[in-house]
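Chain naming follows the written order as A, B, C and D, and within any one chain the residues start at number 1.
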């Protein structure tokens, strides 16, 4: 339990730092660290496939892609100085500044309230009587080993029961990858 | 407790100690080049101790061979990565810290 | 035993996060992220043993490789100014 | 030669990772390692002379215990310097030349320097010039240099 708590604290700190940073290269690196820790949390939740994806896509490819994107653009954030200061020596502008921030705070708080209200009807974490666990899950858990021959039943659902779905997803990602490669190649000429 | 568990415990303790000291060193040392020292050495040592401890706990099997391979890979990759970083910093013209200067 | 070791390693990661955020230079940050990667590999191996499912080591292996590649990609960018 | 060696190493790695020994998995493993070896055997080995390489590996294994001892000493040193309240460090940059010829030798020396007390390699050039960052003044490197030169074995091969 303590381990999960520490990992969550690290994630929150990383995310906050990544948003706050003005240097985009550093922000990309902090995001990389963030997804490394995220993958550890996935592993803690026993979701090995998700952890694999998070590790290779989130920490590996995304960081490299962001660095590649930065190498073609600029490293700093635009208008960083002004947004950093916020306060100007002008009464009306200050008032507008405060008003804008209070409005943002209200919007965020209302959204948070709605989301928390939405979670109240949800079953407890790991509740065996939750709707998601009573429908087809039992069959996956009990039969997937003999029906598909795959050890991990998350993997069995992903690549066997929902194989066509996964095939479609993979096709979309593959097409997107080829498109990106083609676009970048055209630009180089 | 059997001997193997005790060996594992000792190795895990040593490894965790070195890992924590490496983190403290990365925080405490005054400039980049000095921070490379704990990151390159102590981290390598710490991970090696922990992973060998786990391998001892597991006994001889495919899993322990994998652990040793991970350990060897990290032991080669970690110094290489820190060396490459130090070189990049040096090429970029970062001056090393001298005794008596303020921390950076 | 493994739980305590995992918590200690996670705390070490928390310490290094300070250096990632503070910097002050980009090299310091990369160094710290690299150190976090090493500790994450150890943490994953420990979690695998906590659950008595050492298959998790495959992820740890992938991690070790990815961490190295990300660092090298960054350095290539710093040295050449571009990746391709 | 390097093709076969690469394929064997790749297949060994496949066996290690899979842990299943059914016919279909072994066959696909062989096919996959052959494909990988076809594309990348020049990257991994290039042209090698097997006898020299084996000699070097034997000497490298003999060098290992000393290296492990040095690594432990280095770590105790770092722990002392990190946890000491006044932090007794006095860093400087050292430059020196070596007679190493091969890339492997240079890589071994560079990693050894990084792992042993008080020093981190900053730059290692292909002609054997080294730049080292040392955490205390007045470190002597000649002992390790001689050991790595012996592994490379320019004299007796």
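Heads up, the rule we're going with is that contacts are C-beta pairs under 8 Å (C-beta built on N, C-alpha and C of every residue); 3 or more make two chains touch, one makes a residue touch a chain.
Computed from a predicted model, the values in this text were never measured in an experiment.
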| query | Count of steps on the shortest touching-chain route from subunit B to subunit C? | reply | 1
| query | Among the remaining chains, which ones contact both subunit B and subunit D? | reply | none
| query | Of the chains present, which has its C-alpha mean closest to the combined C-alpha mean? | reply | C
| Any idea how many Å lie between the Cα centroids of subunit A and subunit B? | 29
| At what distance in angstrom does the C-alpha mean of subunit D lie from that of subunit A? | 37
| field | Inter-centroid spacing, subunit D versus subunit C (mean Cα positions, whole Å) | value | 21
| task | For subunit B, write out the residues touching at least two other chains, lowest number first. | result | 24, 36, 44, 66, 69, 80, 82
| Do you know which subunit C residues sit against two or more other chains? | 11, 13, 30, 32, 58, 61, 67
| note | So subunit D residues touching two or more other chains come to 17
| Among line, ring, star, complete and other, which one matches the pattern of chain touches? | line
| field | All chain pairs that touch each other | value | A-C, B-C, B-D
| Where on subunit C is subunit B touching in the complex? | 1-2, 5, 8-9, 11-13, 15-16, 18-19, 24-25, 27-28, 30-32, 34-35, 38-39, 41-42, 45-46, 49, 54, 57-58, 60-61, 64-65, 67-68, 71-72, 75, 78-79
| remark: The residues of subunit D that touch subunit B in their complex are 16-17, 19, 71-72, 74-75, 78-79, 81-83, 87, 89-93, 107, 110-111, 114-115, 118, 120-124, 131, 133, 135
| query | Which of the residues in subunit B end up touching subunit D in this complex? | reply | 18, 21, 24-25, 28-30, 33-34, 36-38, 40-42, 44-45, 62, 65-66, 69, 76, 79-80, 82-83, 86-87, 90, 96-99
| query | What part of subunit C is in contact with subunit A in the complex they form? | reply | 3, 6-7, 10-11, 13-14, 17, 20-21, 23, 26, 29-30, 32-33, 36-37, 40, 43-44, 47-48, 51, 55-56, 59, 62-63, 66-67, 69-70, 73-74, 77, 81-84
| message | Which stretch or stretches of subunit A touch subunit C in the complex? | response | 2-3, 6-7, 9-10, 13-14, 17, 23, 25-26, 29-30, 32-33, 36-37, 39-40, 43-44, 46, 48, 51-52, 55-56, 59-60, 63-64, 67-68, 70-72, 184, 188
